[in-house]
Amino acid sequence: MTRYLPPVVLVVLALLPLGLKDPYLLNALITGGIFTIGAISLNLLLGYTGQLSLGHIAFFGIGAYASALTALGFDVGLFGDVRVIHEGWHPFIGFLVAIVVSGFFGYVVGRLSFRVRGAYFVIVTICFAEVVRLVALNWIELTQGPLALTSIPQMKLGFPGLGELTLRTKVQNYYLMLGVATLAYLVVARLVHSRFGRAMRGLKENEQLAMSVGVNATKTLTVAATFSAAIAGAAGSLYAHYFRIIDPDVFLFAYTVTMVIMVVSGGKGALAGPVIGGLIFGTLPVALRPYMAPEAQWIVYGAVLILILFLMPRGIAPYVDDWFAARRARRAHGAAPAAKPQLEGQR
Amino acid sequence: MDQFLQHLVNAMVLGGAYALLGIGLTLIFGIMNVVNFTHGALYTFGAYAMYLASTALGMNFFLALPFAIVAGLALGALLELTLLRPLRGADIDTTMLVMIGAGIILQSGTLWIFGGVAKAIPSPFPDAPLQFAGVSISWLRLFVLLAAAALIALAYAMINGTRLGRAMRATFQDADTAALMGVNVRLIYTATFALGSSFAAAAGALLGPVYVVFPQMGDLAAVKAFAIVILGGLGSIAGATIGGFVLALAEEFGAGYVSSGYRDAMGFLIIIAVLLMKPTGLFARAERVG
Amino acid sequence: MPTHRIASIAALALGLMAAPAVAEETVKIGVNQPLTGPFAASGAYVVNGAKIAADEINAKGGVLGKKIQLVIEDNKSNPTEAAAVAEKLITSDKTPVMMGAWGSSLTLAVMPKLEEYEIPMLVETSSSGKITTSGNPFVFRISPPSALEAEMFAPMVEKLGIKKVDFLVINNDWGRGAAADFGKMLKGKGVEVGLTETMDAAAQDMSAQLAKIKGTDADTIMITAAVDQLTLLFKQMAATGVKKRVVTTGGSQNPDQIVAQAGSAAEKTMHLTTFLPWSPDKTPDPKATEYFLAEWKKRGYPFAGTTESFRGYDGVRTIAAAIEKAGSVEPKAIQKAFWDVELTGLNGPIKFVKSGPEGKESGQSKPGVYLIEISDGQIAEVKL
C-alpha cells in the first residue's frame, strides 16, 4: 500500500492548481515546496548519514546567488587589474550552474568538516553558513551586498521543437517546483537504495563496524554531502528565479531551522519524511496567519519541534508505515508478524 | 599608536563579555555533553531582565545586574528540569534540536512581549569618558570589563574551591563513577545548566547598557559563543576565557585595519582555521574541566 | 478561499463580529513598513501617523463615500520580505494602492512588483536617488532624495565653515546613496572628502570605525543612519573621545529620542530634517500641524516620533486625495490622479513633478529641508 502512496500524493499535488486559484495560497505552496526540496536534500545528510548539518542554508543560498548571477551577469575586479566580466546567460544555465557550484561547495565542506564529528561538526557547518552570509553581505561588487540582487530574470525552459517558455505565472512556477521536487525525491531514493546507501546507513548505525567491513567513511560522507548540497543548490535557484530578488538574509539560520523542522517532524531517514514535514510546515504559516502574529507562529513551531522530539522522536512517516503494516497484518490474520522483520531488512 | 591603543582597549572590554559567554557554553557542554542552543536567547533574556529591573521595577543599576543574573540562573534551571532531565541518555542531536526549539520559543516570546523596537538601558555612569595617553574609555565600559573579570574569577574559585565545583569536576571526568561515589549527578546537571545560563544572562545584562536591547541580539552572540568555545576547545574554561579575548582582538583589529564589514567574519574564519589545523581547539584537554 | 471562510468562522466563534464593519465596503490602502528588525522604531511611527490620517479622513466621511481601511504588514526591515509583503498586499488583500516601504533598499525591492501588477505606491521615507530615476511610473515620492537634500544643504556648507568631511553611513542604498550625493555636492564646493566608512544596519559596536575616524584631520563627520544606531553612535563617539562637528542626514533621526537616550553625548550635533514639530507656527500649514501633534499626543505616542510619523500622515492624506481625484479605486486611475494632487503637507506643498527617463517618469515632490541643532538638550533650527 505504501508503495502506491507517493504516486497518489504526486497526482493530488499535480491536480491542486486546477481547483486553487488564489495566488496567495499558490505562492505559499511554491515557497513551501522550494524549502521542501531543501529539506529532501538535508534528509540525505541528517536522516541517512546521521550528520546534523546546521549550515545547510549555505548551499541553498549559494545556489540562489550562483543562478542569479549567471543569469544577470557581473563585472568583478579580483586583484590588480584582473577583472572577471560575465554577460548574462540563459536562466536555465543558471539552474545547472547552481547545482554544480553548490555541489562543489558541498564536496569541499564535506572533505574539510567530516574530519570532525558530533558537536564540532555541527558548529563547523553553522560557521560555514555564517561566513558565506558575511561574504554575500560585503562583496558588494559581486552580490550587491545588503542592497539585494534585484530584477533576476524569470526561469525559462526550452523545449526541442516547441520553442521557449518563460515561466511568468504562479501556476507555471508551481509545476516547475513540483517537477524539481519529484526529481530530487527520485535521486535521493535511488541513492539510498544503492550500495552506497547501505554504506551510509552502516556509518550511521555504527561507524567503527562499517569501517571494519571496508566502508570508507570520509569518502561516503563526502559523496552524500555533495549530492545533498547540489539538490539544495537547485532549490536555491528556483527560489532566486521565482522571487526575483535575493539578499544576504537568505543565509539566515532560521531557514536552516525550517528545513530541520521539516525533516525531523516528517521523519528523518524516511523518503517521505521531508515531504510530509514540508507539507505541514509549508502550509502552516498560511493556515495560522489569520489567527496569530508571525512571532506567535514561531512559538508554535518551536513547541511542535519539542513535542515531536519528545512524543515521536522518529517523526511522522514511520508511524504511517507502521499503520499500513499493522493493517496488512490484520488482513493477513496474524501471518504478518513473521514477515515484518523480513520487510524491515529489505528497506 | 593612539589608534592602536584605542583598538586594544576596545578589544579588552569586548573580550571580557565574550569570555563570560564562552565559559557558560563550555561548562554546559563539558559536563552535560549538551550543545546549548538557548545560549543566545539566555543572553537576550539577561539583557531584558536588566532592562525590566532598571526601568519598570525601578531598581538601581547595581542591584539590577545581580537580579538579571539570578533570573538567568532560574530560567536555566527551569529549562534543564523540563526539557533536558527527561531526555537524559538521548543522543546529542536530539538534545540539540530540543534546545533549538526552546531557543525559538524564547526569542519569539521576547519579540511578542516587548516588540521589535530596541530598548535602551539607562546607565548611572557619566557620559564623559576616562582619558589617558590619547585613549578614551567610557566609565560604563570600564565597569563592564571589571565586572566580567570579577565574574570569571568567581567561576574559577567556585569550580576549584567548593564542594559543588569538585562534584562538577568529578561528573565531567566520569558521570557513572561520580554517581557511585555519592555525587547527586542529576543535581549537578541542573546546577551546571543553571550556572552556564546565568553566565550568558550576565553577559547580556552587562552589554545591554553598552548597546541597545532587542530580541534578535542573541543570534550573533550565540554564534560568537560557539566560535570562542571551539577556539578554546569544548569543555575548557581557561580555553573559553582566552578564546573570548582572542576573538575580541581579532574582531577589533580586523575591523580597524582590514575592513569593518568583515568584523563579524573574523571569528568564523578563526574557527574554520582552527578546526582545519587542530580540530579539538587550541587548549582542549578532554580529561578535565577548569 | 477556504482560509477566509475558516477565518470568518473562527472570528464568529471568538465573538469578534460585534462590529458590523465587516459588511461595509471600504477603500483599502496597503501599508508596507518595517515593524521588526533594525528599522522597527521608525516603521512603527510611520504606521501610527498613517492611522491618524485614516481616522481623520474617516471621521469626515472617508473617500468616495467609503471608509479607508489600512492593511498594515511588517516587512521585517528586509528587502526580500518587503517584496513578499507587496505581493501579499496586492494578490491577497487586493489593495489598489500602497504606501511604503520606509528604507530605500526595501522600496527598491518592492518596485518590480509594482510594475508586474501595475499598482501605484506612495514612497514616504526612502531617499535613494535610484527610486525616482530608474523609470518606474508607479512610484510617487514625498520624501526628498539625498541629492535634493544635499542641494538644500549646499548654501550652509560655507557658513558652517566645513573644510573636510568624513562619511559614516549605513551599508545600504540609503547610506551609500547619501555619501555619494553629498560627496559630489561637497567636492563641487571645494570641500575635501576623506573616509567613507560603512556599518551594517544591525551593527551595534561602531567603535572600530570611530577609532579610525578619530585619527583623521577632517573637521566634520556626516552620518546617515536610523535613530537607534545614531543613539549608539553618539554614545560611542563620546566614549572614544571623537570631537568633531556632526551633521546627520536622511531625516530619520527623531532628535528628541536622541536627546532622551544619548543625553549629553548628543550635544552640539546637527541634523538635516524635513519637519519642524518644535515650532508648529513655522510649518507651511500650522493648523494641520497643530491638529496632528495634538492627536499624536492624545494617543499617547512619544513626541520624538513625530519627525517620522508625519510622513505616514502626509502619505495617507496624499493617497486619499489621489483616490478622491481619481473618482474610483482602480489602480490605473489612482496612478493617473497622483499627477493632479495638490496638497499642503506638514513640511511643504505636495505636488509631483516628473523625474527619470521619458515616458516612464516617477513622481517626486519637493519638501522643505531644515538644519537643526541640539543644544543644552533643546532642539532649535540653526540660524545661518
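Going by the order they are written in, the chains are A, B and C; count residues from 1 in each one.
Just so it is clear, a contact is a pair of C-beta atoms (placed from the backbone, for glycine too) under 8 Å apart; a residue touches a chain by one contact, two chains touch by 3 or more.
Note that the coordinates shown come from a computational prediction; the quantities given were computed from them, not determined experimentally.
Just count the C-beta contacts per chain pair and the biggest one is A-B. Most remote from subunit A, judged by the distance between CA-atom centroids, is C.
Inter-chain centre distance (subunit A to subunit C, centres taken as mean C-alpha positions): 38 Å. Between the Cα centres of subunit B and subunit C there is a gap of 37 Å.
Per-chain CA centroids place subunit A at a distance of 33 Å from subunit B.
Among the residues of subunit C, those in touch with two or more other chains are 36, 171, 200. Contact with two or more other chains is made by residues 111, 261 of subunit B. Multi-chain contact residues, meaning those touching two or more other chains, occur in subunit A at positions 137, 295.
Subunit C contributes residues 1, 3, 6-7, 10, 36, 74, 78-80, 83-84, 87-88, 91-92, 105, 108-109, 112, 171-173, 176, 200-201 to its touches with subunit A in the complex. Only residues 50, 52, 112-113, 115-116, 118-120, 122-124, 126-128, 130-131, 134-135, 137-138, 253, 257, 260, 264, 293, 295-296, 298-299, 301-306, 309-310, 313 of subunit A touch subunit B when the two sit together in their complex. On the side of subunit B, the complex with subunit A involves touching residues 29, 33, 35, 83, 86-87, 90, 92-94, 96-98, 100-105, 107-109, 111-112, 219, 223, 226-227, 229-230, 234, 259, 261-262, 264-265, 268-269, 271-272, 275-276, 279-280.
Residues 22-25, 27, 137, 145-148, 150-151, 243-247, 249-250, 286-287, 289-291, 294-295 of subunit A are the ones touching subunit C in the complex.
Listing the residues of subunit B that touch subunit C in their complex gives 2-3, 6-7, 10, 14, 111, 115-118, 120, 127-129, 131, 136-138, 140-141, 211-212, 214-217, 251-252, 255-256, 260-261, 263.
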